[in-house]
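Both of the next two complexes hold subunit A, though its partner changes from subunit B to subunit C.
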Partner chain A sequence: MSSRFHYAKFESEQDFLQAARSCRSHNLKVVEAYSPYPVHEIGEILGISRSKLPFVTLAGGTFGLGLAMFFQYWTSAVDWPINVGGKPFDSLPAFMPVAFEMLVLCAGLGTVAALFWRSRLYPGKNRKVPHPRISDDRFLLMVEVQDASLPPGFVEGLWQQHHAVEAWTRAGEVQ
Partner chain B sequence: MDKLIHPAADAQLIEGNKSLHQVTEDVFQPLERKASPSWWLAFGFASTALAIGLISVVYQIKVGIGTWGLDRTIGWAFDITNFVFWVGIGHAGTLISAVLLLLRQKWRTSINRSAEAMTIFAVICAGIFPLIHMGRPWLFYWVFPYPNTRGSLWVNWRSPLLWDVFAIGTYFTISLVFWYVGLLPDLATARDRARGIRKKIFGFFSLGWTGSARTWVRYEMACLLLAALATPLVVSVHSVVSTDFATANLPGWHTTVFPPYFVIGAIFSGFAMVLSLMLIARKVMGLQDYITMKHISAMCKVIVFTGTIVGSAYATELFMAWYSGNPFEQFAFNNRVFGPMGWSFGIMVLCNVIVPQLLWFKRIRSSIRSIFLITILVNVGMWFERFVIIVSSLHRDFLPSSWSSYRPTWIELGTLLGSFGLFFTLFLLFCRFLPMIAASEVKSVLPKSTACPEAESKKEAA
Partner chain C sequence: MSQQRSNDSYRMENHLSRWLSLLAAAGGAVFVAGLFFSPHRVWGGYLISMQLVTSLALSGMVFLALLYLARAQWAAPLQGVPEAMARCLPLGFAMGILLLFGLSNLYEWAHPAAVEHDPLLQHKSSFLNATGFSVRLILAFLLWMILGNRLLRFSKERGSQSWPFEGRVLRSSAVFMLVFTVTYSVTSFDWLMSLEPHWFSTIFALYQLAGMGVAGLAVAILLALHLERAGPLKGVLRSEHLHDLGKLLFCMSLFWAYLWYCQYMLIWYVDIPEETAYFVKRQEGAWWLVVRCTLILKWLVPFIVLMPRWSCRKRSVLSRVSVVVLAGHLLDLYSQVGPSVSGGVAIGLWEVGPVVGALAAFAWLCLRHLGQVSHASLDDPRLAHSLHYHTP
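For the complex of A and B:
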């Protein structure tokens, strides 16, 4: 089944948001939106659920804490116990600072690794940017329309109504 | 905090009624132009200082740390002072980027990028001192717990010096990662504006950033999480640094007030350093519309607030020394104030407690020159605070026959100068090659109605 992708470029956040809202109210499927800075409402319109990154942070932190506590205990109380100032070999409170730092390190690096993994960001990635001025001052909406479900010119009319500065379409396959 | 720094009035955050495109131009044009003569002049000074530092470091590694003014009584002095000073400087960057993000303080957007860069450079400067102090820096990897042929003899996990390794290591890594993630959208802007080799380089480092809504959602969540991790981290780092002293059984060091006292002192000195740098940068780089009197005034208020806490920490220390009834404790503090090193205590109190109080006056708080002078004095004072804590506590210990005095050698002064050289060289390179202001964040705090005047007028025409 073939479908068409309609793109529209906007100069202001308000126009961009209103266009996205009215796409939603007309049951058009907004598949992607690009902006120079995060626009909060757009995630909701696209139906993007709350990011699950906090779970990665939790897992990373737990791993770091557990690893550091275990390793400190093993090296000081099991592998080679050394009497330092008469303190007990398993002086767990003294292991807390290093364990905390390892918690933060693993949680932080894990979070960023997950962000890069999920968003497919990696060095040297040559992704085609939909429009070079998105990173400057333009907002872009991408709507997918199944064939013959709408009167011709409907989407174009909608764009015009919301002051789109440029609009174009591209044929695409439904994945 | 919200009330403390002008309540509403986001409109004044960025002056000059900028459009989105104007922000991009203002932030990125300096990177695309040739460097100005004033930049070259500053870079010349900074790199000369760095060269002097390099020569000093090479000399003292070759000859040994007997080139320092230390003796058997004073085993720690200049290098540890510099280490604590530089770590402290770094703390403001994390505070601005993480704590103020969690508190939703929008004024942070203009200064967070450069403050974070400052954190990274300051931690690099700090890390050099313990490294040199090892005497044999090529064996630095002995501080890590790796399986070795000595047994394996593991590191001593109960030592605050080892905690330092982990605290500073984590702090540097997380700050660098946080800074880099924050840079991504702006690196993409630089990529989209550039041509040729610059486009390739920025393209490589921007990781294929497109600004899609899905990425933004995750990106914002990641920034929030990193901020939430960095906030307790920054508190832990200087607390750990303070335990280098507080866990020692030495009058003047052995106090429980040290961790909070060090953390607040770090924020105090860090904000002073951020402010001195911002006052220069906004002038040299022409960023007056982005770093406005509102930002400066907010930072002044943080300085006067933290300065007052630092003052009360000094008072608490003195009171507790007297109130403890411990003759050694009382002697240490009496010697700190009235002894041969008393002059440094005087400088510390003058610069850290008395001078910042002038910022209560609106007239002083709105004069760039007086603010600049105050921030420099605060940094001098905070350097002396560490010097006072370390040297004045050590030089007259329990045994009067081993009492001694301390004077830095030229090698030590050269190393200190070199660390400033390194800091400013890195900062100047950063100003030259990376966007100094987080353009994408500034764009999100522009007043929405005036963000796009072209679109507004088009609407009226239609």
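For the complex of A and C:
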């Protein structure tokens, strides 16, 4: 069954959010929403569940902490014990700064890696941008409608109602 | 909306007022009795309670100044809480004046006989002497109250169009913050660090500041939740507010632990006797247990419990963590004061009495002040944002 993609461009965040809300209330399938800056409400409106990214951060941090602790213990207390100022070989306070830095590093890198992997971003990826101004000052909604499931002009009417400044459609598969 | 908000003023319940004044009176009685039976220990407890009350009042003032400086709108309905805390500063002042009569029970440098045979104390005596201590204490309190009162007056102007982020509001806040930072550093040297007059730590003032922030936020959270239960903030206090307060508590506690570690680690690592003396005392016997408990209550518990988003937004969790953190703060103060006023760990009537009394007096005064301001007043231009903003 073929479908069409309806795009609408908005000038203000308010119109954009209202339009997204009405799409949801009319059971339209919003495929993508573009905005030049993070809009927290849009995730809630589109019914997107909360990101699991914090768990990746936690796992990365725990890994970094464990790795640094183990490695410092192993080097300074097991493999090559050196007496530093008469302190015990396995001196926890001395290991903490490095362990903390490793925690931050692994948590940060793990989060970025997970984000790239999840949103399929990789170097050299050719991303089709539906409109050049979505990274500047315009908001965009993209709705998928199965052919003949709605009266003609329904989506266009909805766009107009919410002050869309430009609307267009495209047939076929998602890019 | 106006009908809904008709009961936006707060009134302390009679039985609560009675209990708090009873506790405060009992604390005072214990203090007076302690002067005869165990003056060193009771003055130690008194110093803890005076530092606690002053810090709580000041943290209210700082919170207020920061809200103005950051042009914060989110906390508009909660603003009465830090204001009420700040209005308790005269209690700290009164306790500070009384402290001046107990210097010889607390501070080694206040004994002429001890100073006479100690070159280091002689050298420091141009700063550490009773007159200088008194002048600095009074001057600090006067500065805080004068500059703080200017901040507190602004909330009466709620509703006028230009308010709240006019230049003079920002200027007063900035001046207060600058003066506060310097004066609070000096008083933390005076009141707490000079308990060990041979010892010094350059990070000490910042450490006290972080501890103050932790305790102040915990009390602010408890007061906000109390206001919600008692009426004025019902339907106004949202999970977003709690989430933000919880995050602030989380990061202040983390900041405090960071500073604790910085102070400990550098002294431990460099290992100079004049610096390590402080921690050697606190690692002996039961003191090390007190220090460990402090770290667990003031850092580990909030760190783990407040990490997930949902727990910050849950009233029961947030209030319990606040109580735990407050207990940790008390232990923290005790681990700083205790070793220099009593040999071993002794948490008994003489320590608990003054602290409970001072906390009750603070709570009574604070709740009284909460009844005198209107919460979530509709003419506050920042209220709308505060009722609708989202915290990711």
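By our rule, the second predicted complex is superposed on the first by the 172 of 175 C-alpha atoms of A that agree within 3 Å, B and C clash if a C-alpha of one lies under 4 Å from a C-alpha of the other, contacts with A are read in each partner's own complex, and residues count from 1 in each chain.
Assume a contact is a pair of C-beta atoms (placed from the backbone, for glycine too) under 8 Å apart; a residue touches a chain by one contact, two chains touch by 3 or more.
Predicted, not measured: the structure shown is a model, and the values here were computed from it.
Chemist: Once the structures are superposed on A, label A:His163 by its partner contacts, choosing first (subunit B), second (subunit C), both or neither.
Modeler: first
Chemist: Taking the superposition as given, does A:Phe154 touch the first partner, subunit B, the second, subunit C, both, or neither?
Modeler: neither
Chemist: A:Ala94 in the overlay: touching subunit B, subunit C, both, or neither? Say first, second, both or neither.
Modeler: both
Chemist: Considering only the touch criterion stated at the top, classify A:Glu41 as touching first (subunit B), second (subunit C), both, or neither.
Modeler: Once the two structures are laid over each other on A, A:Glu41 reaches subunit C alone.
Chemist: Which parts of subunit A are touched by subunit B and by subunit C alike?
Modeler: 38, 50, 54, 85, 87, 94, 97
Chemist: What part of subunit A is in contact with subunit C in the complex they form?
Modeler: By the definition above, subunit A touches subunit C via 38, 40-41, 50, 54, 58, 85, 87, 93-94, 96-97.
Chemist: Which part of subunit C faces subunit A closely enough to touch in the complex?
Modeler: 261, 264-265, 268-269, 271, 307, 309, 390, 392
Chemist: Where on subunit A does subunit B make contact in their complex?
Modeler: My answer: residues 10-15, 32-39, 42-43, 46, 48, 50-51, 53-54, 57, 61, 71-72, 75-76, 79-80, 82, 84-85, 87, 91, 94-95, 97-98, 100-102, 104-105, 107-109, 111-112, 114-116, 118-127, 129-130, 132-137, 163.
Chemist: Can you tell me which positions in subunit B touch subunit A when the two form their complex?
Modeler: 19-21, 24, 145, 151-158, 160, 162-163, 166-167, 169-170, 173-174, 177-178, 181, 184-185, 188-189, 191-193, 203-205, 207-222, 225-226, 229-230, 232-233, 236, 240, 243, 440-441, 443-444, 448, 451-452, 454-456, 458-459, 462
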